[in-house]
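Here you go, one structure.
Residue numbering begins at 1 within each chain, and the chains themselves are lettered A, B, C and D in the order written.
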Amino acid sequence: MIVVMKQRATDEMVQLVASRIESMGLKAHVIVGTERTVIAAIGEKRNGEQETLSGLDEVDKVVPILAPYKVASRETKDEPTTVRALDLVLGGGHIGVIAGPCSVESEQQILESARAVQAAGATGLRGGAFKPRTSPYSFQGLKEEGLKLLAAAREETGLAVVTEVMTPEHVALVGAYADVLQIGARNMQNYHLLQAVGETDKPVLLKRGPSASIDEFLLAAEYILDQGNPHVVLCERGIRSFETHTRFTLPLATVPYLRERTHLPIVIDPSHGTGIASLVPTMAAAAVAADCDGLIIEVHPDPAEALSDGAQSLTPEQFNDTMTRCRSVAEAVGRTI
Amino acid sequence: MIVVMKQRATDEMVQLVASRIESMGLKAHVIVGTERTVIAAIGEKRNGEQETLSGLDEVDKVVPILAPYKVASRETKDEPTTVRALDLVLGGGHIGVIAGPCSVESEQQILESARAVQAAGATGLRGGAFKPRTSPYSFQGLKEEGLKLLAAAREETGLAVVTEVMTPEHVALVGAYADVLQIGARNMQNYHLLQAVGETDKPVLLKRGPSASIDEFLLAAEYILDQGNPHVVLCERGIRSFETHTRFTLPLATVPYLRERTHLPIVIDPSHGTGIASLVPTMAAAAVAADCDGLIIEVHPDPAEALSDGAQSLTPEQFNDTMTRCRSVAEAVGRTI
Amino acid sequence: MIVVMKQRATDEMVQLVASRIESMGLKAHVIVGTERTVIAAIGEKRNGEQETLSGLDEVDKVVPILAPYKVASRETKDEPTTVRALDLVLGGGHIGVIAGPCSVESEQQILESARAVQAAGATGLRGGAFKPRTSPYSFQGLKEEGLKLLAAAREETGLAVVTEVMTPEHVALVGAYADVLQIGARNMQNYHLLQAVGETDKPVLLKRGPSASIDEFLLAAEYILDQGNPHVVLCERGIRSFETHTRFTLPLATVPYLRERTHLPIVIDPSHGTGIASLVPTMAAAAVAADCDGLIIEVHPDPAEALSDGAQSLTPEQFNDTMTRCRSVAEAVGRTI
Amino acid sequence: MIVVMKQRATDEMVQLVASRIESMGLKAHVIVGTERTVIAAIGEKRNGEQETLSGLDEVDKVVPILAPYKVASRETKDEPTTVRALDLVLGGGHIGVIAGPCSVESEQQILESARAVQAAGATGLRGGAFKPRTSPYSFQGLKEEGLKLLAAAREETGLAVVTEVMTPEHVALVGAYADVLQIGARNMQNYHLLQAVGETDKPVLLKRGPSASIDEFLLAAEYILDQGNPHVVLCERGIRSFETHTRFTLPLATVPYLRERTHLPIVIDPSHGTGIASLVPTMAAAAVAADCDGLIIEVHPDPAEALSDGAQSLTPEQFNDTMTRCRSVAEAVGRTI
């Protein structure tokens, strides 16, 4: 890392900081500039040296050179990772599509959803059984009953079940029914939960927190990878910006940017990313053109009757049109869907 | 709530939506404007009607009239709540000060910290035993050993111990040592954790998530209150904005704004709110002038040696000066500290 | 508009506010809810009534029903507007591509750029002669000399010249050379400048300010339209969010969202939107899949030698590949480029 | 500056970049790390070298060491600058207060405002004659007539007139009446305007743009200073963040942060910073506790009748109370007001 000294730092102070760096097992290389002195610390590690040095009085700032994540990095593994669950394939030139309702509401609703999204070409079925809701007064999901209904829908359609787990003690229960464990955006930095799913061998769909930087996102993935589970899928679902006309701001540049840094597959969620059903079809197609490895889209047999997220759910017919558009674009950019 | 129809909505569509509203047990009141029709839904509740209606095709938008939280609201309880733990008093015209290191690192470090902050006038001792760290490679805290050291520091000084709990299964353990349970910003929407601390009768210091709206913040408090624990303290610790020169952006207007809406005490964390030790003294004083009920400040016997957050930690001497400044300002605005 | 009274508002207060509304020439319609009273003000205009009412003590908030812009709205003119300048066509199912260097640097540089982008399929040539630069010490453009070089490049290639005008007194000068006047993001709310270009009959490319809401963006367009110039093109070039890994955050959902509200053509600038050349090709293709009417892309014969924006400029070869990708995607979504 | 090479950069590439640096008249110092190579460029200037180098293919990123501004920097002039206009004194331990209506509306309104704010202790009078309004349909100010009314109010009260100038060609006109020229937030990067006020010798109150970084803010000041006008006052008036409960987010940490970097006086605008009159008194006091050099506050004889910004204007009585609170806090922190 590079340690930039304050302008008024004396030679003695520079020497003090250099010694401090050496005491961390790094090599200090002092460079005297015309207005400032900087010290290059060679042999950079990733356990808090930066933080410590930036706390020193004589130091103006510390600039890290290395990315803080390791296992997720393309510098560690350049070859792209493909994650599979039943027929759902994310990565390796193939775009996997996960679709279904926000919440599992009833047997009929989930079965109808599953059939519709499968007919349109999805290979994964989404549906929340344990629902993180902003208000304690909102519908909180059918819980284990919901998981059973998801399993029944898989039984009939063969779709891989993708569903959220909210707390470490539910990992075993949800894992008994799900094919892919979803970590919601609110839990992206719930480290005990990340470690708990990291101890399983189930694929994990990790959603980016709405104010997480890319480094924080990859470090959250690193918590899972570090426990030995390599099947991590990154999901961009929109960030919180000053924009209020959409529910979140969906930055598709995340896809090519992550691609340059990580081998993990990247999925886009245009439903939460916009919060408005009429914007989903174009944004799904745009995500495909941006080279994503998968899509996760909310579809409900009757959005107006949905117990949650009705405003951003597509009807089966709209989803079918969206798939048609996405398939054309995928073909145009040399990918399959 | 107010349902705004799309411009092109026909009378028939308006009737359909009105019926839908009536079917929810609300009264629909149609108002035909010169360019748009709106429907007032009277008898508004808080279980998702808004979401459902905003998903209807003919509807442009739905505007809620009521705040989504109840128990936290001054409309429910106008009298300010005071939260106490040993000699730490937050609210009721008194500003309680919680200070100490980011993490508990050793017996000597925490005892020295406790003595110093007590001497300067703090009545609460902060210190992390279970540490949520962005990177899995950073120091994760001394865990139960850290809790024991905090208890020893309380034994000696009488300071109330404020420490973070990260996951529901640790609530009993942390609660056995702590006087105040802290919920970190990353866990503000970890609902199982909120419910778990809501089931205790310990005071809870709930930190605002860096991208949480005020409504989301109060709804998180509502999760705790709804379980029967009324001892909730709200803590503003900075939001994530485009600013990068400070670690977070600290919006002190949160204090008077929350004051108008909730009876719960409001604490400011100028350490995380700025991330830079030299900005903490003025921002602490500003928080007092903004009428906060408490402060939580990072103090370390030797910030340059801190295992975490060194850059934002005050030395005991700087903390002492900060207390002096805050005390003068408190007096100037008619409060005690 | 809807005026929401404070909870404690008495009947008398409600009557006062209602009278105030009537005194504005609107009809007040009082609706008594179970917890709050609201007043619908019928006949809403757009000259500040909302602001005035929201300042009243008894009023909790005022919710506008109508969009604040008129001429730009699809409610005024549903048919999409196509803007043309020489062979550059933006809108009507056709995607116009404007490309070229950030700044005009020399005759050779601009001619080489013009030839290269034309060969790849662009019909507009961008290039700054008057450059708004963050620092007074940076290269400020060749000024009128730059305009002459742009005109020379048009002479040879037939490309429409798109260049920025920074201040009202330059409108005539820049207009004498340019085919399209560009208003930069920093000047989106420079109202005298908007009015000055509104008085010409030149097409105007209006860039969204990095923190402008969609309403503010359309109101800026309204300033131009209101002067009688209907040839306005809206350009999304990225917003300022907490993200720092890209120069700005490029929200492509702007395209379908604007499409629902305005008849004006919508152009995307993936160069400023990302600030990183390697992200431009995918984001350009994504913009096409999101149904934009045009692209504006920075291309430089030798980005490493560029006097400005080198990091986000494509080489001619990269631009050619980008056009190939965009053309395939355009075809896939039924558009021409 | 520090140039960080990509991981895969060969020795040859490193040499190429080093030569490039040398060709800019800088000294290149290559440091080979364990995972990366970095090059320190010594003799850093501020004219775009960073931008150019960051565009090179082999380069991962470029980290500037020096601040991009010079004249505004405390490294150039450590002694704080005091700006004066009549009895208005900003800086040097004194807090100057500028107050008055958003817009000048009538002779009676501005005279009444002037008398009231003077009585409460203000020494500057604000009031817009040329008003930048988001919508072309809103009240645009009384223009020259407004300037005359401001001058009349000064005549009677002796208050220094602070009013906005929106475009270069109005600088002479506004300057003929005003004591302090205000540059509005929307025009912070209107460089021709900055240069035009820089050519005068009038004090300039420069408002921070709502999405401007601190460096951009200081560089805007630098445009004025660079023309030879040293009387620049920086005004923080709130940034655009995701928060919508206040009009803007007011980051008071701007005050101590700027203080460490610049000698220019720093004023806070709690009226625009919050947009809600009831939050202004506490935030004004907080700004004083944060060590600001001045306040600018909207006061209107009858906010409910204001033609603009009524919701954030104080009544004369509320302003008087605010001044009392601020005076106590100023005294507590050793300043005068």
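Just so it is clear, contacts are C-beta pairs under 8 Å (C-beta built on N, C-alpha and C of every residue); 3 or more make two chains touch, one makes a residue touch a chain.
Just so we're clear, the structure is a prediction, and the values are computed from it rather than from any experiment.
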Degree value of the rotation bringing chain A onto chain C, based on Cα positions, nearest 5: 180
Farthest-lying chain, centroid of Cα atoms versus that of chain A: D
Computed distance of Cα centres, chain C from chain A, in Å: 30
Rounded Å distance, chain B centre to chain C centre (Cα mean): 38
Between chain A and chain B, centroid-to-centroid distance (C-alpha), Å: 26
For chain B, residues contacting two or more additional chains: 211, 240-242, 244
In the complex with chain A, residue positions of chain D that touch it: 2, 4, 7, 29, 31-36, 38, 40, 42-44, 63, 65-66, 75, 240-242, 244
In the complex, chain A residues that touch chain B: 20, 46-48, 51-52, 54-57, 68-70, 132-139, 166-169, 186-187, 189-193, 209-211, 215-216, 219, 222-223, 226, 240, 277, 303-313
In the complex, chain D residues that touch chain B: 211, 213-214, 239, 241-246, 249-253, 255-257, 260, 273-274, 276, 278-279, 282-283, 285-291, 325, 328-329, 331-333
